[in-house]
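Here come two complexes built around subunit A, the first alongside subunit B, the second alongside subunit C.
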Partner chain A sequence: MDMNRRQFFKVCSAGIGGSSIAALGFSVKPALAEARNFKLARTTETRNTCPYCSVGCGIIMYSLGDKSKNVKAEIIHIEGDPDHPVNRGTLCPKGAGLMGFIHSENRLKHPEYRAPGSKEWKRISWDEAFGKIAKLMKDDRDKNFVAKTDDGLTVNRWLTTGFLAASASSNESGYITHKVVRSMGMLVFDNQARV
Partner chain B sequence: MTQVHSILPAEQIAAGRAGEIPFLRLPEIRSLFGDRARRLRQLAGGHPLGDYLLFVARIADAQQALIGALPPIMPPGAADLARAHEHRMPPLSAVSHRRDPVWCDMLRRMLRQLADETEGGLRDTLVKLEGMRNEYYEAQASKLLAGVTLGLDRAHAPLIGAALQIYWAHLVATLGAENFPPLDVPTICPCCGSRPTSSIARIGGEFSGYRYLHCSLCATEWHYVRIKCSNCESTRGIHCYGIEGGSAAVKAECCDECGTYRKILYQDKDPHVDPVADDMATLALDLLVAEQHGKRLAGMNFMLVHGEAEEGEDSPPPELVGSSPPPG
Partner chain C sequence: MTNHWTDIKNADVVLIMGGNAAEAHPCGFKWVTEAKHHNKAKLVVVDPRFTRSAAMSDYYAPIRVGTDIAFLGGIINYLLANDKIQHEYVKAYTNASFVVNASYKCEDGIFCGYDEAKRKYDNKDWAYELDKDGFAVVDETMQHERCVMQIIKRHYSRYTPEMVETICGTPKAAFLKVCEMIATTSRPDRVMTIMYALGWTQHSQGSQMIRTGAMVQLLLGNIGLAGGGMNALRGHSNIQGLTDLGLLSNLLPGYMTLPGQSEQKIEDYLAKRALKPLRPNQMSYWQNYPKFFVSFQKAWWGKAATAENQWAYDYLPKLDKGYDVLQAFEMMHQGKINGYLCQGFNPVASFPNKAKIVGALSKLKFLVIIDPLATETSEFWQNFGPYNDVKPEEIQTEVLRLPSTCFAEEDGSLTNSGRWLQWHWKGAEPPGEAKADPEIMAEIFTRVRALYQKDQGAFPDPIVNLTWPYRNPKFPSPEELAMEFSGKALADVTDPKDPTKVLAKAGEQVAGFAQLRDDGSTSCGCWIYSGSWTQAGNQMARRDNADPFGIGQTLNWAWAWPANRRILYNRASADPAGKPWNAKRKLVAWTGEKWAGSDIPDMRPDAKPEEGVGPFIMTAEGVAKLFVPSGMVDGPLPEHYEPFESPLATNPLNPKNAKAFANPAARVFKGDMEQFGKPDKFPYAATTYRLTEHFHYWTKHVHDNAVAQPQQFVEIGEELAAAKGIRNGDKVRVTSNRGKIETVAVVTKRIRTITCDGKKVFQVGIPIHWGFKGVAQRGYIANTLTPFVGDANTQTPEFKAFTVNIEKA
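Let's look at the complex of A and B:
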């Protein structure tokens, strides 16, 4: 038998009269009427990695809403990913509280700046934040960069600034982080991509 | 939604078995069809397809009674099994296994039992099918098992399919899990190569939290990771539709890559869900997903064979017409 002939059976209101139900003499009309009164709700399950630590537990995030209809999708549930080899569906108390973290009112949503000696956090724009960070980094690097050691060995290192990146990084973001940080000579660097 | 988080039992960690996913769930033939009958009756109350669900419940009762009364069936020999394993093919292939004609006798017994408690036109259908020859049974079985829609009788399909389910579930249980290693193609049954009816995220013991595909023929369940299309293996564009305000335990898992859907059942939302019964009872979900979102049905359910073929019904290759050889 030619396996390529394997077909899908088509589901549709018009064709339901030719289904097993109707062919055996049962009425399909009430089922069709019922279907017309229902609406569909779209949910999505998305794999991700818990952002907290370098164990890198797999999580599944359940969201509700139809992206195709410009409805804002909302995360309604998070649980451990049973198929993930690291945690097999389990989560620690921090991971189990991720829903509170996502919907927290205190969650930081934009850059804030506290000037030296000040007690006040002030909201700033991303441009300002990047500018400040770049300026501080450059000043420190210009002052403390070591091109050669006292005995003339070329080292090109910058030891007075460190860099800490996220835990839930992919290989690719780990690679890019490494390239950016190392190319400036920075040695103190951890992006928790050790899993 | 409730927040339930799983905890690995201390014994499991101590035994070093934490993290092993059981690949197979062979059918529990002492209760498989009886449980299905019970679920169908539970779903039938006030359901627009209630009468049909009750009829299929009676089929399931008959299946349960017959699977306990089966004469011994000769499973494939060691050489056949070794060849299947070597090439990573299903050892009890639905399309190439030579069926013992005992299944036709079982079909007749099932039809007699059903006809005795049925009246009207449905009884006539049952009696008429009971009087057909084995050649007809075999030809219809070959079409159903291979998914060939041309010339397939939709009224006979659930009845013939029911007898085939008894036969295959019995054979699979006889051979045991050690004869069914994973295949290269993870979307077909590792025992018989059939398409799954639906998938089910299980609860309970070592199976808890894992998603299994449920074979439409032999009722074997095999592990398949979540959020992955059970038709084309894509992990992109997977999303689910459920009935708004309806049960959260049954959803249609859709794939944008291949344009198909298959139901997924969540036992943690309803512990009594059955891969066949709940698939039938959510016909409204099929209609809405197919008509509003243009998705094609990937699942196969012998108890509810749909009306039209997607393509090619009018122009089959000539070699397929009446070509099913009566094996045995």
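Let's look at the complex of A and C:
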């Protein structure tokens, strides 16, 4: 029988109430008394990749909510993807704790600002943060951009601001980051691969 | 990785050295156990510590930290002296037969062309001898005294088993046992894989360690074969991808390089990179560089990149030197950098000499942090007692901290170590106001662009002309970005052999990099990723795990670069006539008309074997380089140098030449040389390492991992513990010449005392995972201790070999 995981769950939960088990010689009553619906049967499954090491294990994230409008999904369980040819359903001690990363109490939730000499953060809006950053960058670039060297070579570089890119962000994030950073003429630019 | 995780199951011998896959890459390591159980493979582990990889091994040999070139050079000597090489492979697929210039020499550990004052080599005397047509001279008999085979025989004859024992501390018998096990794979039908990680990269001679490993594999004929290869186990989920996409100081996407400032004209720039073949009939595939480069410029600057303006060549910044992270923090420390943006990166924890890093950040005008978690770097200005003893009121840096999403809250692809681009899907909304990285970058960019459009300023052209065709300019979608880096036709692309045949119509996605053109008719953001999103859709999202040949080649699972090829150099899996060395592990073979098999052939499909087209298509030689005339700054052959901090006072290989003590071509900044510790004060060799329960500095923010390994510790052997009166669980102080950490000692049998150059050497293991932010117990940043020096080629810091002292606290 061809059956994917989702269908398997459905058959399991639906089948309990039917007579097929009785037909196998079991009594239905105790089975009904024992069975609770498998919690994950009502969740939405989403395929993802473990963001830790470079094995790239496939994972399945189970979330409450069906992703319809006005429903806020919440991930309640993560396990290895049994279809994945490398990890074949397993996760290591790091990957097994992924839920705790998503829900860590140290996740940042809103933009913050620390003024020179201050001992504390002040919450600010995204608009204020982006406005400040754009201005700081443009001021520094305009002041320190090197179009030509003293001996007349065209170099168009900006060396007084640098950028350090991530190690677990997606290729798409990395690509747009590179495009933005380099178009401004930055050379002080690296990612985690350097270390 | 030249190969990929699943392929490890095809190996007959597995060498794990410079890595610890069982603990750092556990789900990938299962393919080693698969090879052991189903392929009768033998696992050999060489490591300073008896790791859990070692616990699974058939044979374990100890080694002193930082001496891997001596060990591997000793293996090369063993293979050559005992005639344990794959002769036909070495002759046909490597440059062993190439003749080197008469002026080449290496004396007392220093190669010719060395400038001591600049700590740099001029490599002109490392070149091949050329014939009148500009091709390299070869001697097929490999008897010419200046051919590469004879040069490496002479060079490594000094690396005797006795010398290996003297330098590495590996007992001679143990070393020879490893040699014997490895040498069994010199037979054409047996194969070995090498798995390495940061234990080879994080050294002042790290690149050359890896090259020595590759030389061993080439001599054994193990590159390009199923179950073989040089397999770098990368540390993070997408540093492979971010490297492929060129997010490094000197790179552009797809391993193209930024121009140097002397390359003022595009012709000069392209000529240096579109390498002409050094032997007849070779592909020298970088000859296509102009197609990849022009398509890239079109992807970024569209209509503003024209033939008339050299495809907007002036828009690219020109390098005068590398600006890697060590260079960046050196400049920052000198007050020469005003602003810094950190995206998902924690330099206070990740970079060497924490005091210097925090001092440097304190001199910035502004720092922007983009991260899902509250990192140490974002609070470098805050006082955390002994863990970060700073005065906030004296630090004038403005800091902005922006919350970003994590993997679970976004769509996109990650590239694993096996070069597979795997698409993933969003499963939940991010917490609070967190935004995805592309949205943050787009907001910053569009605001800066608006300021330039309104007020002008310094050279606005590359900013205001940057292509930004996204439906929502404030949030480019992952799909749009993936399609852009995979590439499309801007005008109809026709078949060069038949111009009436259209391969891709204007506006369509290209099928792969073979369709890219240098006339501005195609655009492609990253040529090696070309084909990841074709007219047929997103190839990275494919999920068919079928393995029709039974050797782990799941060609329809996700998409691998380049061209969905799973094993690089796979032409070398067949003999020169095109017949697989081992029919049981066939990758590609010549059918009489074309190359075909279980993988995408790494060869021109119609290249008849008798044409002699070499399998290493990216090199100008067409073969792999045992000896590298150019490309390595610290020598054409690997040579053993001591780490900058060593428990030995001299390099036993060249004891009389102080210049050849540590890597003579490694860059050392003023002031850092003076901070290297000497054996009298810091007698113990130290190395940093990772635990299986933690991932770098992230999982200390995760409850379950913090419970599993809550507290910082250092690991020492029983003999050192007894000598110092330290018992298991005692509080100890570990010092280097840059700082100290205080923590508890774990006394184990895993770190043995070894003897090097007649002297007992004790080694100290320092796990890295703690800091002053997180839900685990607070600990000292391990990199408080590490030295500020990097590999001569890559500038990757020397975290794996330095010296410390240890005392009971």
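Here, the second predicted complex is superposed on the first by the 104 of 195 C-alpha atoms of A that agree within 3 Å, B and C clash if a C-alpha of one lies under 4 Å from a C-alpha of the other, contacts with A are read in each partner's own complex, and residues count from 1 in each chain.
By definition in this document, contacts are C-beta pairs under 8 Å (C-beta built on N, C-alpha and C of every residue); 3 or more make two chains touch, one makes a residue touch a chain.
All figures in this text were calculated on a predicted structure; none of them were measured in a lab.
Enquirer: Given the touch rule stated above, what does A:Asp83 touch, subunit B (first), subunit C (second), both, or neither?
Expert: both
Enquirer: On the A-aligned overlay, A:Lys122 touches which partner chain: subunit B = first, subunit C = second, or both, or neither?
Expert: neither
Enquirer: What's your read, subunit B or subunit C touching more residues of subunit A?
Expert: After superposition, C is the partner touching more of subunit A.
Enquirer: Look at A:Phe38 in the shared chain and tell me whether it touches subunit B only, subunit C only, both, or neither; answer first, second, both or neither.
Expert: first
Enquirer: For A:Met61, select first, second, both or neither according to whether it touches subunit B, subunit C, the two together, or no partner.
Expert: second
Enquirer: Which partner does A:His178 reach: the first (subunit B), the second (subunit C), both, or neither?
Expert: In the superposition, A:His178 touches subunit C alone.
Enquirer: Mind working out whether A:Lys72 is in touch with subunit B, subunit C, both or neither, as first, second, both or neither?
Expert: Only subunit C is touched by A:Lys72; subunit B is not.
Enquirer: Regarding the shared-chain residue A:Leu164, is it in contact with subunit B (first), subunit C (second), both, or neither?
Expert: Second partner only, subunit C.
Enquirer: Residue by residue on subunit A, keep only those touching subunit B in one complex and subunit C in the other, then list them.
Expert: After superposing on chain A, subunit A residues 44, 46-47, 80, 83, 85, 90-91, 96 contact both subunit B and subunit C.
Enquirer: Within the complex, which stretch of subunit A touches subunit C?
Expert: 44, 46-58, 61, 63, 72-75, 80, 83-87, 90-98, 100-102, 104-119, 121, 126, 129-138, 140-142, 144-145, 147, 149, 153-195
Enquirer: Report the residues of subunit B in contact with subunit A in the complex, numbered from low to high.
Expert: Those residues of subunit B that touch subunit A are 1, 3-8, 18-19, 21, 48-49, 51-52, 55, 95, 120-122, 125, 142, 146-149, 153-155, 157-158, 208-211, 225-227, 235, 238-246, 251, 260, 283-293, 296-298, 300, 303-313, 316-317, 319-320, 323-324.
Enquirer: Show me the residue ranges of subunit A that touch subunit B in the complex, using the header's touch definition.
Expert: 1-3, 5-13, 15-28, 30-35, 38-47, 60, 62, 76-77, 79-83, 85, 88-91, 96, 99
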